[in-house]
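Consider the two complexes below, in which chain A is the common component and chain B and chain C are the respective partners.
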Partner chain A sequence: MTLTSFVRKNAFRNLRRSILTVLSIGFSLLLLTLMMAIWRNFYMEKGSEESALRLVTRHKVSLVFSMPSYYREKIRAIPGVAVVVPGNWFGGVYKDDKSGNFFAQFGTDPDEFFKVYKEWKIPDDQITAWQRDRAGAVVDSELAKKYGWKIGQRIIITGTIFPTNLELNIRGLFTAPQPTQAVYFNQKYVEEAVPFMKGQQGFYTILASSAADVPKVNRAVDDTFRNSPQPTKTETEKAFQLGFLAMLGNVKAFILSICGAVVFAILLVSANTMAMSIRERTREVAVLKTLGFTRGTVLGLFVGEAVVLALIGGIGGSVVAYLIGMGAAKAGGFAGALHVKVATMAVAWAAAAFMGFFSALVPSYTASRLGIVDGLRHIG
Partner chain B sequence: MAIPISYNIRNLKLRKGLTVMTALGIALTVTTALFIMALLAGLQKAFKTTGNPLNVMVVRKGSTSELTGPFPADNFGTLKTLPGIAKNAAGEPLVSGETVVVIVLPRADGSGEVNVSVRGMMQNGLALRGGVKLAQGRWFTPGQREVVVSESIHKRFSHANVGDTMEFGKGSWQVVGIFDAGGTAYESEVWGDVNQMNSDFDRQGVYSSAYLRATDPVAAAALKNRVGDDQRLKLDGSLETEYYAKQTSSGSVIKFIGLLVAAIMAIGSSFAAMNTMYAAVAYRSREIATLRVIGFSRPSILTSFVFEAVLLSLLGAAVGIVLMLPFNGMTTGTSNQVTFSEVVFSLQVWSPWVIGSAVLFAIVMGLAGGIFPAWHASRREILAALRD
Partner chain C sequence: MSTATVPNIATKTKVIQARNVSKVFTRDAFQVKALDNVSIEIAGGDFVALMGPSGSGKTTLLNMIAAIDRPTAGELLVLGQNIFTFSDSQSAKWRNEHIGYVFQTFNLIPVLTAFENVELPLLLTKLNSQQRRDHVMTALKLVGLEDRVHHLPKQLSGGQEQRVAIARAIVSDPTLLLADEPTGDLDSNSATEVLEILRRLNQDFHKTVIMVTHDPHAASYAHVTRHLEKGMLLPA
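And then the complex of A and B:
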């Protein structure tokens, strides 16, 4: 019998305890993996190549204030700007005012919209159809699936901010790399219905010509409007999205404290299990030593056992987290942040192995130090 | 006959290490759950206690918040003449036309910028909100570029002391006072004169909302309906209390994420508790058999072990509660989904509802972890167990 098979056999000697330990560690690791995935997606991912080229300009005071439409031409004239489209939050209600029926609706310019969002997939004839119908709209294919919308269908969205309702004809379905759950329509529709929106835009999305142009454009846009009645604030698309997240509260501290609690809980569970199994095997340890196994080997045997159990839990937990992430990514929006990368799973495994290792150190060390005679006399 | 409780307590004491580690694991889970519940309770308190039941809040028809419902100032003249409105000391109707905008302020600790609600109000606006007390300085003077800020804004943002100037709109504003809104939603606002605000934010001729004080609760209900029914106005009325209570939904994201996290941790802890209890049963195999021989019935052994598991989890709950208590009253903020601005509230750990649910949560974990091992213990054959 080799040492590895000895460790393996011991790890599953008390099958029920091993399964319970693995399940307990697995659930904790599931949570840890999801938290790490959120952290990675929010704070470490730079976003797609196209997203890194996009900037969002809004009114400096807050998103609630609008900017004049002529800003668009001024922004377009700035060197390094490839395309710029306006955007307007409509904030209407579909069916009823329940959060389950909430999705974003934006007014924009159909002529250039998909030149900014180049990586979004939509057939060309659908773009043309959208451009030709003033009451046309393009919708996220995932959102269309949720409500069973078909091309050509008419949807009615009740206005809350603006005193008008949208009666939109769906002209196209687009697929974004990360589902957006959004509906885009022609901004002119609202401008015609609501006089005070004439010549007003909520924000501008800018596509820079190259990555090197992004910081230059960022500064140039804000400099252009610095001393106007409506000064602007421009930031990268990623920073713009993170701004919404920051509004939820101190998300970083929240994630870190949960990770801390989970890691500590795993340490406790694993140490508990090892303490129980080592206690039961006091006499065996003495026998092993009598047979000539060194303290180091005995220590290694127990630590190895803990690492095996923690790793199995870690792998199980992270795989389930991966599956949850895949499901959530389909839902889109902030749920997409649950998407788990293989690298994150690998970190989770390493974390599990380390926690198994550290949790077993104290009980295993005590066991390895036990005198042979005392051990043999021990009554479990 | 029931096995005495002291038997369980003594057993927990006997295996101190095991008990402490399992209880700590449960305590961590309880702490997480407590934190979430304290957040939600604080948020709920902020919204549920805001508003005077006699105040009717008016916005444009179809609008869901003050932020999205500007209406022409002409309508305000009509509103003032509606029946059932209380009079102020000067004998004028107690009404206030207001402007609410969202501005961005830098956090005092430098951790970024936050959206804050700024409310421009008429002089009556202060009388309409009798619960809000001045803590420092004085109220703003109509016609002046002066603002008063809430205590939590004063604490959380830079440039929010009496005598400071704040930069927003078209220039600077003098901070002349700090008010104490008693933990209500107003705790997240900056107040100033409505006309000054309107000219700064290019909102001449419109109000975001209007507040009317009714003479009595019946008049308030009548006034609310009257506003909605008046076809000239195209406005909607709601009781101020109702309007704020609805905003509790701002906590739905925290609630969803928090409950998910707590549930996953609870499942993990239940398995750990089960492990401990199985070990306890295994160690005491002979003891249990002896108890049976003496005459204790299977149900009483089952109850005894379940009780021991619950005791273990209650110990965890106690530790968890003690760990969370220092955070009671800590203020934090989240985004108000109705007004897009930050709402400030304080953690409510020490409330009967929060503590009660934490204890219940721990008991459920103890039951989940204890029932199978206890069942196992009560089912063992006496002879086999005695021979172990």
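And then the complex of A and C:
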């Protein structure tokens, strides 16, 4: 036996209570890990190298307002701009309006689309097929897998914003580093069906020539249209995506408040368990001290127990969060933000250990200060 | 004041020298004098029984000798050292090295086997795993429980539990063996077994044994019996 195995045996001496404690800590850490993963993916991840080179330009007032199509050529003329493609949210319904059947549909330019999204994988012949078919579309391979779509298949999307339905031929399946759950089609299809959309674009995606060009292009685009009837707001692709998130409200405060509540709950659960456990063993503490255990060793034993329980719960919770994140990442879209990285799990473990440590500190310190004579008199 | 003398004991140095030791407990507004000017000397190798009615101060004196309680007044030298000048951690280390303590209620750790309970004091030493194993097995053999090493306390009888507790007390080879009513919770057969072990430890291994007891039969195993009453040590 070692002091470590002594700690382990004590941690599980009341099996039911220990399991319940581990489960409650595990569930809390599951939430904490997912929240940290969301925070990391939204606010800390820089994205791919290619993503860092991409900028999105939209109407300064709101994404709801469109911009003239000729902006594309003006943007293309700005030094540092490699490629620029338009994008339009179609917002149609596939099959029915159940949330399970929701996916994004964008109108764009097939000729240059994959020059902007270079890291997305799609065979060249499929790109060519899409470019040749005005009613053609390319589909995220994960989305195609979900619906069992095949190349050549026709899908019908009912318009809700625009008074037309899209009858699209699937010409290609692309694979993005993070699943997008999106369908891209030729914007001209919508323009021909909906006359008022002719010459209008919802946003532009710009690929800068180099990282150094990104801030210059960012400023130059907005400066170009500053005094026009449709002024623009240009931001990085990441910031553009976060803009969608901000529509939900103060997501940062939401995540922080959940994290705070989780940490507080773990502290209470763990502190309560340790306080009960230590109180039950008052006499044992006195015996240990009689045998020669110092205050420091007794403190270490009890704190160690709390850390062991918290760590087991923390590891269990973060592993479940990892598995949930793996499943969510396949779903793509914002659910992809639940993807848990090993570094996030490590932070969760450290958080669990720290919380175990702090929750046990006061009851353990009190136990370590217990007088032997008083402890031996204790009836518990 | 009296010096206990035992024949056939090699060491005759004074291992305990208490001079005018007093202890006053304060409980709420009341003050209770547990020890009143107690002076006693005990030589190495003695087997001393401390007797007296409940509340006479026997356990308090034993606790003083073990450095788990401090006197209100007086001086107590144990193994030539004034143990009350020690810090808490020094006291703990000193107890681990020099004191074996046997409780009335055994006080074994319920989640540990007999082997692990006996090994507990050795976890604080620098002994390696094999050395600890040797010490533990020696101690368990000495109390006749080498075939119960993997038993948890709840799987042992009261007498066996107390023998494990004695093994735990002697495993670090302490100079002093202090027993606080070691037979108080045992039937007469088990009590006799425990007392025989204490006698053997005293006679064969020259341990100085100080035993608190109410039981005249238990006291008969000691070479010297001292009586306390109302905190005062009665003349020998």
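Throughout what follows, the second predicted complex is superposed on the first by the 380 of 380 C-alpha atoms of A that agree within 3 Å, B and C clash if a C-alpha of one lies under 4 Å from a C-alpha of the other, contacts with A are read in each partner's own complex, and residues count from 1 in each chain.
Criterion: a contact is a pair of C-beta atoms (placed from the backbone, for glycine too) under 8 Å apart; a residue touches a chain by one contact, two chains touch by 3 or more.
None of the values given here were measured: they were computed from a predicted structure.
In the overlay built on the shared chain, the residue A:S62 is in contact with chain B alone; chain C does not reach it.
Looking at the shared chain after the overlay, A:N227 reaches neither chain B nor chain C. Once chain A of one complex is fitted onto chain A of the other, the partner contacts of A:V269 are limited to chain B, with no touch recorded for chain C. In the overlay built on the shared chain, the residue A:L3 is in contact with chain C alone; chain B does not reach it. For chain A, the partner touching the most residues, choosing from chain B and chain C, is B. Chain contact summary for the complex, chain A toward chain C: residues 1-3, 6, 9-10, 13, 283-284, 287-297, 372-373, 376.
Taken together, the chain A residues at the contact with chain B in this complex read 16-17, 20-21, 23-28, 30-31, 60-65, 91, 97, 99, 158-161, 163, 229, 243-244, 246-250, 257-258, 261-262, 264-265, 268-269, 271-273, 275-276.
Listing the residues of chain C that touch chain A in their complex gives 63, 66, 68-69, 88-89, 92-93, 95-97, 101, 103, 107, 109-112, 115-116, 119-121, 123-124, 168. Chain B contributes residues 17-18, 21-22, 24-25, 28-29, 31-32, 35, 60-64, 67-68, 101-104, 111-115, 168-170, 201-202, 249, 252-254, 261, 264-265, 267-269, 271-272, 274-276, 278-279, 332-335, 340, 342 to its touches with chain A in the complex.
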